[in-house]
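Quick heads-up: structures coming right below.
Each of the two complexes below includes subunit A, the first together with subunit B, the second together with subunit C.
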Partner chain A sequence: MGFDFNVILSKQDELISGIAMTIFVWVVGTFAAALIGFIIATARRYGGVIVDKALTVPIEVIRGTPFLVQLFLLYFGGPYIGLSLDALPAGLIALSIYGAAYFAEIFRAGYQSVPPGHVEAAECLGFTRVQVIRNILLPEMALLVIPPSVNMAIILLKETALLSLITVPEMTMTASAIGSQEYAFVEAMVLIALVYWVLVELAGVLGRFAEKKLSRYRLAKA
Partner chain B sequence: MSWKLFNLLLEASLMTIFVSSVSILIGLFLAILLSAANLSGIRPLQWFAKFFISFFRGTPLLVQLLLLYNLLPVIGVQIPSLVTAIIGLSICTAAYQAENLRGGFEGVPTGLVESADMAGFTPVQTFFHIRVPIALRLTLPALINEAILILKASSLVSVVGLIELTRMAQNLVASTFMPLEIYASAGLIYLVINLVVATAGRQLERRLPGVGGK
Partner chain C sequence: MSDNAISVQHLVKRFGETTVLDDISLEIPRGQVSCLIGPSGSGKSTLLRCMAFLEEATDGSIFIEGAPLGFVYDGAGKRQRQSATELRKVRSQIGMVFQQFNLWPHMTALGNVSAALRRVRKLSRAEAEEKAMVQLRKVGLENRAGHYPSQLSGGQQQRVAIARSLALEPKIMLFDEPTSALDPELTGEVLNVMRGLASEGMTMVVVTHEIGFAATVGNQISFLDQGKLLFTDAPSKVFAKPRHPRLEQFLDTYLDRGASTLV
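Take a look at the complex of A and B:
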């Protein structure tokens, strides 16, 4: 037996569209997850005890169950409660909600890291709540929030592979299909494993770069 | 949804627990070996460990499992899907646990290592009697976290044909057309298992002595 990567590479157009789809769902899913997570964390900070406690439950449920089960529940169970979604929107929604639960915790830790004195000082100067968030909280927590956010983005990239199981034509599904047609499944999987690996390393490099750029915001030791 | 269906899910969850626990333990053993390779000071071993950890942390578990599942028959290995699942999960978690342990090994007080050297321990003895127990104690929270991640990740071994909780849920959905109830129940079972693991982990952390006054 021998491994022949040429049969896979001859299908490069399909592969590239699969890779593009993976990058698309990854980027859109991660930004949506970060945005929803930020909104949740903000609601928990300013919404009072009841909102805070009420939001703990869905966060813990999502963090405590496998993404695959959540995905199947939404995609296959959704139509039974009038929520018929195509594979791509279902995958994007599931990915965003899953990521949001983790991002909510990242931003919560970020909010907690900002010294209360800074917020109080800004309030005394007449900053509105939005101004406090934008000018004090966000810049001060940025440096702390970036490493776990990059980590989460990397986790979400790897979770996008599961969307192949609900037939989103991303790279795992494309490569599986090509691999089966051409009797070169192993080659196809090795190839996309390398693509994922490169993307993960790239995300890590970008994260470290952002961290470096933002290091001017580092808090002085109090 | 009837109790009969729920019982089938519960039975299948035993397989989930079995596969996850075995994989965690084998993964821990492999992770200690990878750490030994990292600390050995032998370049090729360090390169191998670095490559191993980076690759298996950098690619989706689903792709690793599909690769393994299809690679084994091609190279002439015929093993049951249970073994394939355990190998796949163990290798993946080994990479993550090795990365966790790295922090633990860095936290081992140098004084203890030097004392062991002075007391005539060989490097191997120092590794297994001093470094490993302390690193394990220091990274216990990360280990419990990893156990929960692997419990959830074990849902993916359904693709290599092993009937665990998620696969059982899929099969039941195919025959009953009740995806909402069945997947929600499966999720609930995962949630309960994870809560138990998390609680037990916190208890264990509280009971065990700390390291060197930390």
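Take a look at the complex of A and C:
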């Protein structure tokens, strides 16, 4: 059995659209997850004890069950409660919610890392809550939350492969289809493995770049 | 309006079962330096933090320049939280300086001092920085404007923190043990800045272990012990013999360590 990538590469248009779909669900899903996670962490910080306790439950459920199960429940189970979603929105929502549970914990740790006195100083000067979050808390926690956030983005990228199981035409689905049709399944998998790996490395590079930019004040010498 | 910048009336603060402040009433005269002294755990820092509404009193009230701070009483005499906007307005008359400086590490000295001018006063960056430089000059740090807190000594950081509080031109400055986190060699520069402020007629409330500073710069000294305000008086009377027995005991611990030869 000879390795032959030419068969696969002859289907490059389909492959490229699969790769584009993967990047799309990954980027949109990760940003949505980070945003929802940030909102949850903020609600837990400022919303009082009841909100804080109430929000721990869904977070624990999401973190305690496999992504594939959540995805199937939303896509195949949704119609039973009147929630019929197309594959792509279902995949995006599932990915966002799954990631949000982890991002909520990342931002919670971020909030806790800022000394309360830094917030008190801003409050005494008349900063509003939004100004405190924007100008003090987020910049101060940035260095701490970037590494786990990049890590989470990488995990979410790899989870996007599971969206192929609900027929989202992302690159794992495209590659499987081409591989089966052309009797070149292994070649197809090797190829997308490379693409996933390149994307992961890219996320790492971007993360390190952001860290470097933000840590200027830490590295400043007297 | 009375001559008092701050009026504390029957203030009570409890943390669970522990009473930290027990029915404190205190008047802070305008344009003078009032020092709060007392042993650790006496409640002096908590009292000061209540004056900035960083701690919410369990009962009693505080008036800043005649306006209620944090809580208002409705017609039926029931205590209610002030709106956030109202609270910010009352608080804007106060500047707070912390023991741990609490500078924002991601901003330069100039950034720290100009932040409130930009965010709260909504000045342009150029205007805010111009005003901030005036304050940095006042604390003798105009040549450190571009430095991050991590590049400054403790004394310099505290002076930047003072400049930051002064930027919004408060009427009252609160100092919470401003030199306690500093090496002894660095306390002088901070105390000098505070002396300068006092000589300009700033109303100041200072929680301090610097008995010498309290005796020489303070116009009135309040002595707290175990959550109770034992007395408030002019330094000449407070330190004149015979002294209050609890104060005598407190001062002895200072003299034992040779920390102060002033009193």
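We adopt the following convention: the second predicted complex is superposed on the first by the 216 of 222 C-alpha atoms of A that agree within 3 Å, B and C clash if a C-alpha of one lies under 4 Å from a C-alpha of the other, contacts with A are read in each partner's own complex, and residues count from 1 in each chain.
Everything that follows uses one rule, which is that a contact is a pair of C-beta atoms (placed from the backbone, for glycine too) under 8 Å apart; a residue touches a chain by one contact, two chains touch by 3 or more.
Here the structure is a predicted model, which means the values were calculated and not measured.
Touch criterion not met for A:Glu170: it reaches neither subunit B nor subunit C. In the superposition on chain A, A:Val186 makes contact with subunit B only, while subunit C stays out of contact range. Of the two partner chains placed by the overlay, only subunit B lies in contact with A:Leu68; subunit C stays clear of it.
In the superposition on chain A, A:Asn135 makes contact with subunit C only, while subunit B stays out of contact range.
Once chain A of one complex is fitted onto chain A of the other, the partner contacts of A:Glu123 are limited to subunit C, with no touch recorded for subunit B. Number of subunit A residues touched is higher for B, counting subunit B against subunit C.
Residue contacts after overlaying the shared chain place A:Glu105 against neither subunit B nor subunit C.
Taken together, the two structures place no residue of subunit A in contact with subunit B in one case and with subunit C in the other. Within the complex formed with subunit A, the subunit B residues making contact are 54-55, 57-64, 66-67, 70-71, 74-75, 148, 152-156, 158-159, 166, 169-170, 173, 179-180, 183-184, 186-187, 190-191, 194-195. Residues of subunit A touching subunit C in their complex: 115, 117-118, 120-129, 131, 135-136, 139-140, 214, 217-218, 220-222. Listed in rising order, the residues of subunit C touching subunit A in the complex are 52, 54, 84, 88, 91-92, 94-96, 98, 100, 102-107, 115-116, 119-120, 147-148, 150-152, 161, 164-165, 167-168. Note for the complex: subunit A touches subunit B at residues 1, 60-61, 64-70, 72-73, 76-77, 80-81, 157-162, 164-165, 172, 176, 179, 185-186, 189-190, 192-193, 196-197, 200-201.
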